[in-house]
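Read through the structure below, which is laid out as structure tokens, and then see the notes.
Every chain is named by a letter (A, B, C and D) in the order it is written, and numbering of its residues begins at 1.
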Amino acid sequence: MNLDINVTENSEKYLVHLSGEIDAYTSQKLKDTLLPLTKKKGYTLVVDLEQVNYMDSTGLGVFISVLKATKEAESSMTLINLKERVRKLFKITGLDQIININLDERGVND
Amino acid sequence: MEAFDFIEMKVPAKEEYVGVVRLSISGIANRMGFTYEDIEDLKVAISEAVTNAVTHAYEANEEGEVTIGFGIYESRLEVMVADHGGSFNLSEVKNGIGPYENNESIENLREGGFGLFLMQALMDKVEIKNDSGVIVLMTKYIDEIGVGFDDDHVSTTK
Amino acid sequence: MEAFDFIEMKVPAKEEYVGVVRLSISGIANRMGFTYEDIEDLKVAISEAVTNAVTHAYEANEEGEVTIGFGIYESRLEVMVADHGGSFNLSEVKNGIGPYENNESIENLREGGFGLFLMQALMDKVEIKNDSGVIVLMTKYIDEIGVGFDDDHVSTTK
Amino acid sequence: MNLDINVTENSEKYLVHLSGEIDAYTSQKLKDTLLPLTKKKGYTLVVDLEQVNYMDSTGLGVFISVLKATKEAESSMTLINLKERVRKLFKITGLDQIININLDERGVND
């Protein structure tokens, strides 16, 4: 039911590993962690969702906010390693059309 | 009258308890024989409804309760989520309810963004009543294949 | 008065719902910051109490409900299990209750074999009242170490 | 929340693999499966609890019944691969004194 957040910085890239569940309780913390990471122009924010085993609309809301923030700051965001369930939510809401989702990316842990 | 079991939960209208309700629904749905995919759908849909109720209470500056009722039928699960405390009167709730219409009175609920949309996408039926507090009534049918209340498995090989 | 949150569940007095209550308690205890070991203790103790209530209803040939109340305090969890439907009156229950005494009136409960023993071994305090139905009141304190309601973790490395 | 039961017979031995949770709901099925396996004199009933991640007094009750049945039929019962949690319940109730628990036994799957 909880969410662990681990942030690594590496050559104009923030890599954020999430582990747990994104819901009304944990999404505020996620938003508070991600938004400051969008501020550097040219940086890419890579969010690894491989260990996220639950997400609902509160998670979608966070990623919409973060996307808006990246547009403002001329940085960018990519979501990687989505589980089928999590991907389903982006798909049925149509958000996969505006959010950069990379299903193939692997081994970006370094 | 059609036979059913009824489970009721009351939790404080606080975000930290959405996950508790989610665990309960996953247990109920597992017992009923829902598939993994359907259980995940139910978890999202019920979390959305409870999150809405919590947000509603928060905006109204209330220290309220959220009441969740689970009607367990052989072929389906009916879930009711009400954002004011007090027990459900099932027949009253079900009579007074209509399909969701995009009108102003539920503006509040739509602030949840994709919450209501997900409920409707993931459940077979969603009805919303906005009277004294908001009541959401959702139904999901059990897939015909691989259903069984008795989910113990005994296999024997020699 | 000491601040606390209260969660209430009502389930049919049937064996298949013991596991549902167990999932709910594991969610609540997780939120409260109990350790893995304590959460497992709570799951057993509450399952024992609910199983007793279900057995009691079965023996009385009743189609009853089991009501479970969770009092969530900063330092402890209080769990009440009652085998007759109806909401708890907290202060009434707590005033009317005494420590468990080995007398005939709870013979029924002791038929559960090691159930009551496990409740007492795994919880910090167990009180039983046998009046109109049986009420079990159990308390478990949160260990001092590693406790926190805010269980989100953010770690940052560069 | 459920319990899967798998029974294999092999040279005067029944090996029973359990997977899941033993509680009021699942214990009846367990008892109904185990009791008939105690009837052959000289047979050993080996119950592998490695995949049992929850058990309460209803499980203890089943194993007490099965133990009594083995005494009557001159067969025997051994519990193997108990998780720490499950072992704890046998220990605090003192049942580990009368039930044969083999903590070291491994690789008896054949």
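Note that contacts are C-beta pairs under 8 Å (C-beta built on N, C-alpha and C of every residue); 3 or more make two chains touch, one makes a residue touch a chain.
Computed from a predicted model, the values in this text were never measured in an experiment.
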Pair joined by more contacting C-beta pairs (A-C or A-B): A-B
Inter-chain centre distance, chain B versus chain D - centres from mean C-alpha coordinates, in Å: 38
Centroid spacing, where centroids are CA-atom means, of chain A and chain B in whole angstrom: 27
Interchain centroid distance [CA atoms averaged], chain B/chain C, Å: 24
Residues of chain A touching at least two other chains: 1
Chain C, residues touching no fewer than two other chains: 16, 19-20, 22-23, 27, 31
Chain contact graph, described as a line, ring, star, complete graph or other shape: other
Pairwise chain contacts, counting only pairs that touch as defined: A-B, A-C, B-C, B-D, C-D
Chain B - residues contacting chain C, complex: 5-12, 14, 16-17, 19-20, 22-24, 26-28, 31, 149
Footprint of chain A on chain C - complex, ascending: 27, 30-31, 151-158
Interface residues, chain C side, partner chain D - complex: 15-16, 18-20, 22-23, 40, 43-44, 47-48, 50-51, 54-55, 112-115, 117-118, 121
Contact footprint of chain B on chain D as seen in their complex: 1-9, 26, 29, 33
Sites on chain A touched by chain B in the complex: 1, 21, 23-25, 28, 54, 56-58, 60-61, 64, 85, 89, 92-93, 95
